[in-house]
Structures are given as C-alpha cells and as structure tokens.
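Letters A, B, C and D mark the chains in the order given here, with residues in each chain numbered from 1 onward.
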Amino acid sequence: MTVNSEAVPGQQDPERKTVLDIDHLKVTFATDGGDVYAVKDVSLDVKAGEVLAIVGESGSGKTVTAKTILGLLPETAVSSGAVLINGANVISLSPHRLRQIRGRDVAMVFQEPSTALNPVFTVGWQIAEGIRAHANANGGGRVSAKEAKARAIEALGKVGIPDPEHRVNYYPHQFSGGQKQRVVIAAALALNPGLIVADEPTTALDVTVQAEILELLRDLRDKYGTSIVLITHNMGVVADLADRVVVMYQGYIVEEAPANTLFAEPKQNYTRNLLAAVPHLGRNSASEGLTERRYQDEEVLVAADNLVIEYPGRLGTPAFKAVDGVSFTLSRGEVFGLVGESGSGKTTIGRAIAGLNRTTGGSLKVLGYEMLNLRERTFKPLRKDIGFVFQDPAASFNPQLTIGECIAEPMVIHTNPSPAQARKRVGELLESVQLPASYAGRYPHELSGGQRQRASLARALSLNPRLLIADEPTSALDVSVQAKVLELFRDIQEEFGFGCLFISHDLAVVDILSSWVGVLYKGKLVEQGIGSQVMGNPQHDYTRRLIASLPVPDPAEQAKRREEHRALLGI
Amino acid sequence: MSANTTLEPVTNPRAPLFRRLPVISHFNKSVGLQRFMLVVGLALTGIFLITALAAPLLAPYGFAQLSDADGSFPTQQAPGGKHLLGTTVGGYDVLSRVIWGTQTALLVIIVAVVLSIFAGVILGLVSGYIGGWLDRILVVVADAIYAFPSLLVAIVMAIVISGGQSSLFGGIMAAAISITVVFIPQYFRVIRAETIRLKAEPFVESAKVVGASNIRIMTRHIYRNATRTLPLIFTLNASEAIQTLAALGFLGFGIEPSSAAEWGFDLNKALADTTSGIWWTGLFPGLAIVWTVLGLTLVGESINDLNDPRLRGRKRSGRKDDGGPSAAQAAIELEVRAQ
Amino acid sequence: MTTLIDAPPSDADALLPPKKKQSGGGLGQYILVRFLLIFPTILILVTLVFFLMRITGDPITAAMGGRLPPEQLQERIHSAGYDRPLLVQYFEYLGQLVTGNFGTTLSDNRKVTEMLTTYGSATLELAVNALIVALLVGIPLGLVAASRRDHLPDAVLRILAILFYATPVFFAGMLLKLVFSVWLGWLPVAGRAGTRTELSLTALEAPTGIYWLDALRSGNMAAFSDVISHAVLPAVALGFLTAGVFLRLVRTNVIGTLGKDYVEAGRSRGVSEFRLVTKHAYKPALIPIITVMGLQIAVLLGGAVLTETTFEWKGLGFQLANYLTARDFVAVQGIVVLLAVIVAVTNFIVDIIAALIDPRVRY
Amino acid sequence: ACTGPSGGGGGGTASGGSGGGAITFGTTDKVVTLDPAGSYDAGSFLVMNQVYPFLMNSKPGSAEVSPDIAESASFTAPTEFTVKLKPNLKFANGHALTASDVKFSYDRVLKINDPNGPASLLSNLKSVDAKDDTTVVFNLKAGNDQVFPSVLGTNTGPIIDEEVFPADKVMSDEDIVAAKPFAGPYTIDSYKKNELVSLKANADYSGLLGKPANDSAVIKYYADSNNLKLDVQGGNIDVAGRSLTATDAADLDKDSKVKVYKGPGGELRYIVFNFDTMPFGAKTPEANPAKALAVRQAMADIVDRQAISDQVYKGTYVPAYSVVPDGLPGASQPMKDLYGDGSGKPSLDKAKKALSDAGVTGPVNIKLQYNPDHYGKSSGDEYAMVKEQLEKSGLFTVDLQSTEWVTYSKARTADAYPVYQLGWFPDYSDADNYLTPFFIPGNFLKNHYENPTVTDLVQKQLTTPDKTERQKLIGDVQTAVAKDLSTLPLLQGSQLLVAGKDVKGVEKTLDPSFKTRLGVLSK
C-alpha cells in the first residue's frame, strides 16, 4: 500500500501518518580492527509529507542509519532495535518481503549520481527494472515492458528531464551531473513511494546545480506529499529544505528540533559549536570594509598575463584549454582567493604556479621566473620559496614516512641540516601549527584529518616560503575542523606574511580568508575584486548566479534569498 | 563529506616488524574461509619448503642414484619395500626424485623471481616515472612479449640459453632465465602502473614541489609504495614458474635427470609407463606439481583478496547485542560539552 | 602459462586516445589506433624471434650434425646463406614478409603459408572447443561463486578453480587419457580423427580444416561423431585450465560490481538478487572480463602447445615444438608471426567488443 | 625420351592387385620431403621406398642389393657401373621410364645439392650417361667401389620422372603427389604430410619387391610413441614401426592382442674419445698416449652393456662388441675377447691392471657428455648408468653433462667434449658404412684418431671385389680399431615392429637392410 494519495501538503498537522519510525536502532560492524559501533542509539520518526534532515559530522552514522531504513546493510553488520515502515519492521523482515518494500514504500537517492546509475544500461531500463520488479507484488500481474517504459517516461517527466520520451533511451553518461541526479530521483519516484531517503544528494554537485536539485525535492514534497529523509552535512541545505532536523554525533542523536528552532536556538553545545563553525557568506569577511586592494605596493610574487594552459589532446584530438587568457597579480602578504565551479581551472592555475603543470601561452611570472618553457634545473632553487598545501591531507603524505620525516623533507633537500637541527626545526614547526612536537614520530594515518592538514601546513611552511598555494585545503574536512584550520591559517598568514593563492569552491570560505577574490568560469577569470564587493555586489552574470545558489545556514534568511533569486536561478 | 578512499595502508608501519611481514600481517587480517584458504596454502607451501630444505635428510637416495650397497635398483618396481613410491624405467627411486625435485623447483623459483623482480621493478619504475619515448617503447615491447604465449617464449629462451650445458647450475639457470624473460613484462606492467598511479598522488607531487630530485622521488617515495603488491605477484609467479619449469621439462627443454630431479621431466618420461600400467612414475611427480602450485596459488590468492578491501571478508559481529556502548544520552552530553 | 593476477589494463592504452571520449569520431579513431598498434607488436616479436633463433643455431647442423664432417656442414651452411651477416638476413626476411612471402620450411620443405593454414585450423578448432568448455564452465560457476560469496559454494568453487589452474595440462591430459581411453575405453587416445574419418575428410573438396565442420558438411554422421569423440578430451583438458581462470575472473569482477552504488540502487528499488547478479552486476563486469579473456587467448595458445603434444593434435603448437627442435627458423618465424597476429587481432577485437558493450564509448 | 600419354590413371578407389584389405602402418619417423634430392632421412625413405623405383634394392628377407627395375647391374670397368633397365617401364602418370630419367635423377641430386639432401652419398660419382633408352652407365671417380651398388638403393636412389620434377630445385610434396611420378610397388592415393599417407598398390610394378600382398596401405604419423603404442593396442593401426620405448615394447610383449617382432637393427650407440682432450690426450698437460689408451681400455673393461640393455632398454637394444653391428656380412665381436672377462661381462680386475700397467694412479676424472634430445628419450638413463658403472669401480669419477643437440653437434667437433655419446643410423646396409665415415683421416668424428694401418685396411676393403676376402679385411679393421678404441661401442639397436595378431608377413621385412616394405604385410 502507498501513502501518497492521502498525503496532505500541510505543515504542522499532528494527525499526519507516521511513515517511518526508528526505535532504538543499533548497528555494529565487524571489521579487521574489531567491532565498530556505527549507530549506537537512534530513535526518530518521519511523518507523511515531512522533510527530516539528519546532520552531523563525518562518521557520525548518518549513512548507516539511512541504509538501515532500506535494509541495505552489508552482511558484516548486525542491527537491533526497530525500523518500522508503514508498520513493517525492516530489520526482521524476510528478504522477499524486504524486496517488496524497497522501491514501493521507501526509495533511496544516492550521493554520487554518476555511480548510482549503471553505465551500461539505458536510464529507462534501469527505472523500468524497479517498476517491473514489483509487478507481481502489486497483485496486478506482470507489467509489460511497454507499460514500464511509459511509467519511466512519466517519472522522468516529473523530475524535469526535457523530452523524456526520447531521453528514456539514453545512457547515463549522456546526461550532465545534475540531470543524472534527477534521473536517480526519477527512479526513486517511479513507484510513488511514500518515503525517499536521500543521502547527501547534492554534495557531489556544483552549487548552482545543487540549487536546482533542492528545488526539485521541495517540489516533490509539495506536489506529491512524499516524505524525505535528507542526509547532509551542509547546514545551508538544511536551512533551505528541512522541516525538522536531527543532529547525530558518534552514533547517537544529540538533538532534534524543527529547523527554525534549531538554527535560532540550538540547545546542545555540540549543535551550537557546529552551527558556529559553518561559514556564512558575508559574515567574518577578511575584506570587511576595504575599498581598495591591500598590499598593492608590495613585491609582486605572481604575475599572470593572458595566461593560457592547455592539456594536450591525445593522438590527434585537439588540446583542451583549461585556462584561457587569465591575468592577475599576487603580491607579498596578500591572500588571493580563487573560486569557481568544478572544472573551471582553479587547480590548474595553482599547479602551474608550483611548476607542476606547464603553461602553454601568455606569461606567468613566479617570483620573477618566467614559467613558460620552465626548466626544472633552473627553477629548483626557487622551490624553497614556494609552499603547497594539498586538498586531501591524507593523500599528500607518504604513508611510509613519519610526519617528522615528511616535514623535514624540504629542509633535507634544500639546506641539508644535521638530524638534530632537523628534529628541532620540525618540533618548532609542529608547535606553530598547534600540534605537539611528539607527533613527529607518528605516521600519517595515526593523525586525524584536521591534524594531518595542520602537519601539511607545517611542511609547506618549513622553509619560510614567500609564496603559498593552498588548493582547497579544507574541503576534505568537517566544518568544525575546517573552522579551526581556517583560523589557524589566518593567524599563520598574518604572522609569516607570505603571499597566498587560496583556492576553494566555497565562496564563504574564500571570503573568510582572502581580501582579493577572483572568479573563474570555464577557464576564464570573469571577475576579480575586493572580496566583500564581489560577494556583495557581483558584476558578472555567472558570479551573480553562483552567489544566489549558495544556501545560507539560516532558514529564514535562506527562504528570503530563495524568493529574491528565483528569477535569476530560473526556477 | 566522505573522505576519498585511498588505498588503505596494508600494514601499520609501527606495528612490530614481525606482524608487519607480508604473510603474517595477512594472516592476522584473515577470517573464516579466507583464513582457511590461506592456512591450507601456507601448509602446502610450508611442507614444500621444508621438504626442499631438508631434502638431503628426507630423501632415501640421491636423485641420480641407481644402486646402493645391495646392488642396482630394480627398474619399474611397484611401490613398496625399499622403494616406497617405486622406481622408474631407468631405476631411479621415485620418492627420492620427488623429494629432490622440490629443491630444483625452489631454486628455479627463487632465481627466476628474484631476477625478474629486479629487472621488472627497475624498468617499471623508470619507465613509469620518466615516461616519454622510453616508456612507449618499453610498453610496446613488454606488451608484445606479454601477449605472446609465455610458454613459447620460455621454450625459445630455453633453447638460446641451454646452448650452455645442463649442469645443475646451467640447467636451473636456463629454466630460470627463460621464466624470467616471461615474467619481466608482468612485473614491469604492475610496477609501471603503480608508478604512474603514484606519480599523480599528492604526496609525490608534494615531494616534487619541494624540489626533490627524480632519483630521490623514485627511491624514497615511489619505490616502497609501488612494491607493496610484490608479495602477491611473487607467490602467483612462483606457482607459474613451477608450471613453466614443468612444461619445459615435459616438452624436453628442461633439466636432465642426472643434473637434478625435475618433475616435469619425470612426468614426460613416465608417459609410456602410465599406459603400461606403471602408474607410480607419473602420478607422484604430477601430484607434486599440483601440490606446490596449489599451495602457492592459495597463498597468493588469499593475499590478493586480503589486499583488496572489496574482496576481503570480515567476520560477522559475533555478539548480537551484548553490552555494547549502550551508554546513556547523558554520557554523550558530557563528552560533547567537554569539547 | 596463465596469470591469475588481474592484468592491469593494457599499458597500450597509454598510447591511445582516451576511450571515454564524449566527442564524435572517438570510436573510429580508437579502432584505427588500436589496429595500427598491431603492427609494431608483430614487428617486435618477429625481430625477437629472428635474432633469438639465429643465436640458437641453424637447421643444417640440427639435421646433419650427426652425419657429416664439419667441413661439409660448413659448406652446406654457406651455400644456404646462413653465414651471411645477420642484419642482411634480417632485412631480407622482412622484405619477404612485406611481400607476403613466408618462404618454405627448411626441415620439411613445405610452403609456410600452406603449413600455417593446415595447422592453424587445427589449433583454431582446439582453441574454440576449449573456449566453449571454459565459457560454459567458468562463467556460470563464477556467477554462483560471486553471489554466494564467502559461503560454502564459493569456497568449493574457488578451490576447484585453483585446482583446475594448478594441474598442468599435460598431467590432466595424462590422467584423462588413462581413465577415459585406457581404462574405460570410451574415448580415443589421441589424434583429431580416426584413420578412416581422416581419409574421408581429406578427400573432401575444399576442406576447411576444422574437422567437425568438414564432417558436418560431408553429412557423414559417423565421421562427425568420431571427430567429436576425439575432440572431447583435449577440449576438456585445455578448457578446464582456462575455466579456472574465467571462474575467478568472473567472480572477482562481479564481486567488484556488486559493491557498486548502482547495484545498491537496484537493490533499493526492490530488484531481485538473481537479477542483480546476472544483469546489474554482470554486464558492467563484462568489460574487464572480456578484456582479460582476450589476454587469455595467449594462454590458450600456450596451453595448446602442451595439449596438442599430449593428445597428438597436429596444430601449430605441436608443430612449433618440432620446428624449434629442428631449428627451422623459417617455420618458427612463420608460426610466431601467425600467433602474434592471432593474439593481436583477438585483443584488438576484444577491445572493440568491450568498447561496444560500454555505451560510454559510443559517442 | 618420354613417349607415354600423359595424365594416366586418375583417382578411383577400385581395388586391384592381389591380397586383402588395407594395412595401416603407424610410425614416428617424419617425412622431410618426398623429393629424393631434398631428403636424407629414414622417414622420407620409408615412403620413397614404397612409391619410387630403384635401380638396386634389397629383397624382403635379405640385406644384399640386387637389381630392382633393372635387368642387370654390374661393373663393366673399374670405374664404370652399367645398369640395364627392364623394357617398357612406366610411371603411374603414364610417362615412360627410361635411362634418361635415371640420368636426370642422379644429375639432379648432385646439381641441387640440397642442404638436407643426400648428395654427399654420391661423392664417388663422376657422371651418368644414358647410353640408350634402357642402358645407363655410372662413371665413378675411384674404381671398384664395392658399396656403390648399395648406394643406389639409398635415399639417392629413387628414379624420378624428368617430365615432372624441375631440374634445379626441390619440388613440394603436394605437387609431387598431384603429378604421380611413381613407379614403385605403390602409388600415393592421398597425402597429408606427416599425418596420413594413403598408398595404393601399383599394378604396373614388376620389380624386385614384388606385388604388394595388400591392395592399399596407410601410413599414419605419430609424434609420441606412446600414442602409437596405444593405437596399435587398440587395433586402430595394424603395425607400429620403430621408436617404441623400452617400456612400451615390454608392455606390448605381454599384450595378447598384438605381437612384437624383433629383427636385427643397424643403429649403433657408442662413446667417442677425443684423442686430444680426453684424459692424458695429446693436447692435455699430462699428455701420454699409453695412459690415454689405458683409460679407454679400462672403460671398455668396466662398462656392462648387458645391464644397460636389460635395465634401460628392456632388451630393445642389445650389447655391441664391435664398431660394425652384428648381423652385417663381415661383422665380428673383437671387443668381447679383448675387454672385460672375455665373455662380454665387465671385469674390474682387468681395468685396474690396465691402468696400473700404464702407471695411472688415482681415480681418473672423465668429463662425459651426452645428448638428451637426438637419440631417444633414454639417453639420460643410459648415461646415468654408464656413470654409475664407471664410478662404482672406484677407478673413475664422472662429470656427466648433457647438451642440447645443435650446440652438441657443433661443440663435439670443436674439441669441447673429451668423451661423449654419439649414435649412428646407417645410410645403407654395408659394413663399410660403419668404417669409412669413422676411421679414416678427416672422418666426421673429428676426434683426432689416426692409424695408417686402419686407413689402409679400410680403403682396401672398399675396393676388394671378392666377398670373402673383403669380409676378412672388414674383420681386420674391426680388430684394429677395437685395440685402439677410437670409439667404444655400447649398444646395437634392434628393429621392432608391433602388429596385430591378424597381420601376416611382418617378419619378412625385418632384415639387416633396415628397410620397411609395406608390400609384404597383409591380413
């Protein structure tokens, strides 16, 4: 039986049916290192037509909870408690009954649309597959392939795929990322389930696309009364969409409240800290009140003039222009924030400055050295003046070396210190990034993500560089950790006074650190200026859309912004 | 924000050395069926190794011995009595030859695999790291050899090399080198692929940004990370080496009986016996090959599965819902506040 | 020999345009480059074999070394031109190859092309038979093992697969022969057909050389069943070796795809486990499976040497061993070129098939 | 010279001739080529002997050569060997067979001089003249060559159709079969090289070998003698020829369904001493001919041929006590008396005495080489046994090594091996074929053995027309080389044929000519 028909898209109706009721759920995994208690005690319920957001830092058990709802836990998991969907307890259901519930009563939307779709089948086939799987269970006999396809087309239409009759025969790769996520949602919708579980449905998408998907989800709730369990770590998304919020921490639920209440007056300390750590566009800006570019008269460290960077095409295919005619300067002491959507060329520019990519046209002068036709031998002496902080702190350390060895590596190469000197310097560096000197003896995997990123910063600073390139240094971290690293970063930059190219896709983060901001779009620098001015009064069309798409972590403000920007976003 | 799943470190570099050794660390990781397979493989391989090392003690006679104080051995004698597994048409003691055969097999494995690891690893590292034309040429050559039936390459090599003599050393070297030639492309491919993957890893790039020289990057950063899969390839190639050796022997390109005991050769000689109702001369060398290859392959497969998180089995959480951390909400509150 | 290691994706890919290209014309160009790559591969093998064979000695010594005094031997070697500079001989040989002239074998005076077609068809027949056995055995069992992963059927199948692999073809062949031919007397010992069948097939007009095909065409059912009964044991001996590899290959890859999000997504829609394994997981797994199966053709051909020798199956592998002993380099080179072409072309075709299965490549 | 209509008898399976059904003969000897100019091996000769006519051949049951398609053949002058053909000979394709074809055949072998060919057998032939349609004169370089008639019955001997074969190059088997230039007891009906040859009795043949007792014969080729054995046991073939392993032969002996026929064999297996490099050899630091001889003698005293024959070969090879195999006219067994206990058994005392007499002290180290891939699978076992026997005496230490054939045959003539194994299959059945190639200066052994007396004797026997006198000379040579021990003969092969119980006539072809004639078989 389904719920959709009786759903009422009202808001605070206590009479509404409960579609999901989780009661004292516990999930334990068997692993090499012993049992992992992923979910320790979770109780929650979802009413018809409600959007329940589950938030919490990485590893707090959000995904595990979501998977339990559909009975999708791997064999290594043992769960106890109750997960009732329309009265049936998923945990104790036979595999056969479970299969009937999946898709019909509850459906799932995955984080990565590109991996959630089977690349070798058409999207229509994949949607129809779910429909036909339930053919007999509905008592209606077999659904013909044709009928299933018709329903797939209908579902695609619902989620706003243009020309669904035609597109139903497309393969996943023929859709863009946002469209793929729509297809995934269509597949979830195909049997009109009462409940959709969406695990970070927008994390893999650019903000502009994210805004569209959020709009779509809201539409579903409003039009069809579908309940949604929305899992996310993005407070902006929560503020944008959720009716009620559940905060998870280490497998427990620490707080539960309606969205407005939670943002306005969080009860628990943990929640408060969490909210405080979320960067908020326009608050805490580094360029607050500036009217002209700071450090203009300082030594110019990087000067790009009409810079072009191409990736060679293979065997006859034309080269791909990742960076196209970009000009900017970066001076000593300045933090240059570079933002843009995925694939816009941010990393490419950063790597070119560090001499990891070759430039193909225009001019790029780094510390006075022309990078066009770079020769490693002549550039090497300059390397000690350039630091680089990578996005993923885990991957940027050699797993076979200790943190101390890694941090000492630049010194060993350039100044050849005695072991004692090196040890001493490593200790100092660690302390300057607020890590105990004893951590030098640890291996990278023995540090937490935030600690690793600090160590990475220490390594970048070990030779007192004049220039630092930071490529999304915090995007792999939880917000609370991110906040701390950003703070540290800001302090250190002020202390050492190096020039810094700070790359991020998150406008709010960039705004916190950089006084000068450039916006990159498809390899072109479409706008640059003082941070607060770019954010507050964007000139370029793309910048405007970018800023409008960014949900702010405040339901009231976000609702307003949504209304304001409706036209701009075309939704 | 889920972290990128990079290859998880196989071993905890700080655990005691003993526990970090390839096979032992794998053993500790294994459970259930996988542990069973690993244990069976280790047992078979262990018996093989012990037999090889203790061959002089275990074997009742020399591998080329035809007589003892009591006179010449009878030929084609059925198992039993003085000759537990019987004798061959030439009068060799089958049991002794099977036992001594382990030594030959072991020597060939070691020489072949060591040689190919050296050459393969160096070529793979350099080719993968330097890239360019050198890489392309090496790749095409390696692919050509790799794609070609390896046994045939081994035969040709055996002929080229056995131009020398089939003394024990010469024979083993001939077999080992011909196997080496076949294996180099494999190591080359694996190491090269790893090197290329690692070359793009941020930790290698971070070494590059700080100005580390190519040699330093290759030796300090890539080499150790790229060779992590070697124990696996080692075991699998060891079993292949045995098969190739046996096949060479079977086809008559192997080691002569007076130089060393070699199962494939004995099997070849036993073909006529088998159909004449003399089953023992062929069966035992054949089983010895199967035994050894089975053991090594089981070990290799298990290591492979254990290295691959996708394939690694995990024990089920035994306790359904015992004690567990069902601590109260309050305890958390404390913890949270303390932050 | 086989390798159980998952072959890393062909390194040649490094030289190719990216497969997963979205723009038009990608596939055409991919095919072209892939095709052109066949030639250096063959050239390399030919070159290697040419020089290696010359190091090993000449056919005249091989044939006459026990009969003639060294002076006469030398004179014959000289008149045959084998004492000329290697490079001269090499380029002469390449020149011949380019004009399609493979020469005449030295040890038994046959046109290499004729020899290749005769024995090539025998090897082809064996390989096809073995492949059929391997596919029929390996794929279903691999699927079973993957879906019952870490349970008893999986355990049994995996150990079986390793056992298949661990048993050398010639040992398996010997045992099979002993049991089914000598003891039970059900199947013939060796050869591709009985004398009478062989005579009748030889008499056939334009024989294909593939015996069961010829037997079918001749409409002679007795001959057909004779041919099939001869084919069983070799096909099983060689097929099971490969089946072990296939089983493992299918298992590993299907387990890999079973862990993918899209399978989870299918499961979340209520699709049955059977369909998840046989459709959702199997088809995407097929791409790597087919690629590695392509590489298995080399294994199959290598195994064919042993199988052919064991079962007196007069094919390329069998002949190759003979010609090698006779130092008949013309023949050996001919066979190597053919095998190289077969391997390269198979891999080429397999890559194309894999590309076609993968819809991402189509546009 | 050829007048007959071309393109005679085509296919057709109509059975003619006498005898019963088809005989299937299995062998492991491969054909190099059916063209007589391009082959010099047993496998090719097996087919050629059935399908080509010869001037001289040996009758079943005898090793002696007598005219085949000739009426007469004899020396008409010391350097002139004249053959008269029977009249009205024809090839199966209808072409006439005349003296001109004979001349063509021999000229062609010499002209083509194929690396794999038998031209070297004709080293004594100066020219051939076709006097008229039926008369051929062979002009020889050296007179009174007693083995020349035998040579005419070897690989060089087939008479071929000059209208079919090109004069200057070897022809492919397929083309030969298609052109049917056959005039022997059989013609080839269908041909799959080294797989299957089907022969049909040739009604037109009226030579020495007589009409085949069967109307057709099939030769089936095997690579592995084991499969050959299983097939003859299973009745899939009627007769299995040659190269059965000892185990196979012993097993077949016990099988009631088949019968094993054993005949004298021409194969000789022996150890060669390199007079320069063997212990105390001429080029060694402690060179001493007497000591070297003592070493050879001691080895001859010690080797137990009978044990090797029994153990390794199950009697398929028998002890050889002379350089000429037993059974050939003139063969004697001098080594039986000279060495060992005088009855063929080893004698340790004698060996010790030989060494001590020559002043050799301490065990002599012998570097013994054998080849594993040219003389059958059992060489390894054979030499392991030789090593065992030598070492057990306490007089020798043996460093046994083996080398693959091509290298082996090069290295042995380059003085690399002091003491080594060789084997010999005769080109033709005459004692001389075991003497001239071995013991005259420039022989193919290249072992630096030279004894003028032996050389003289060898040359003398070659030109002595009187049979008894010649045989005596041959005996003298054997005794002389037995004393010098240039080589140490170990074993002599025997011919083995295994046939189903119902096959008749097998024993007729097992004679010292070592030629297989399928025509005598029937069932």
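Observations on the model:
FYI, a residue touches a chain if its C-beta (ideal position, glycine included) is under 8 Å from a C-beta of that chain, and two chains touch if they have at least 3 such contacts.
According to UniProt, the chain labels map to these proteins: A = Peptide/nickel transport system ATP-binding protein; B, C = Peptide/nickel transport system permease protein.
Source: prediction; values computed, not measured.
Distance from each chain's C-alpha mean to the overall C-alpha mean is smallest for C.
For the pairs B-C and B-D, the count of C-beta pairs in contact is higher at B-C.
Mean C-alpha positions place chain B and chain C at a centre distance of 24 Å.
Centroids of chain A and chain D (each the mean of its C-alpha atoms) stand 86 Å apart. Annotation: 49 Å between the Cα-based centres of chain B and chain D.
Taking each chain's centre as the mean of its C-alpha atoms, chain A lies 43 Å from chain B. In chain A, the residues that reach two or more other chains under the touch definition are 75.
Shared contact sites, meaning residues of chain C that touch two or more other chains, fall at 15, 56-57, 150, 182, 309, 325. Within chain D, contacts with two or more other chains are made by residues 224, 230, 373, 407. Touching chain D in their complex are the following residues of chain C: 56-72, 76-77, 79-80, 104, 106-111, 114, 118, 181-182, 185, 188-191, 194-195, 198-199, 202-203, 309-310, 312, 314, 318, 322, 325, 327. For chain B in complex with chain C, the touching residues are 32-34, 36-37, 135-136, 139-152, 155-157, 159-160, 163, 182, 186, 189-190, 192-193, 196, 232-233, 236, 239-240, 243-244, 246-247, 250-252, 264, 267-268, 271, 274-275, 279, 282, 286, 289-290, 293-294, 297-298, 300-301, 304, 310-311, 313.
By the touch criterion stated above, chain B contacts chain D in their complex at residues 64, 66-67, 72, 75-76, 89-92, 159, 162-167, 252-253, 256-259, 268-269, 271-273, 275-278. Here chain D touches chain B in the complex through residues 224-226, 229-230, 245-248, 250-251, 307, 311-312, 369, 372-373, 377-378, 380-381, 383-385, 387-388, 392, 400-404, 407, going by the rule given at the top. Residues 1-4, 6, 9, 12-14, 29, 201-213, 216, 220-221, 224-225, 312, 314-321, 324-327, 329, 332-333, 335-337, 339 of chain B touch chain A in their complex.
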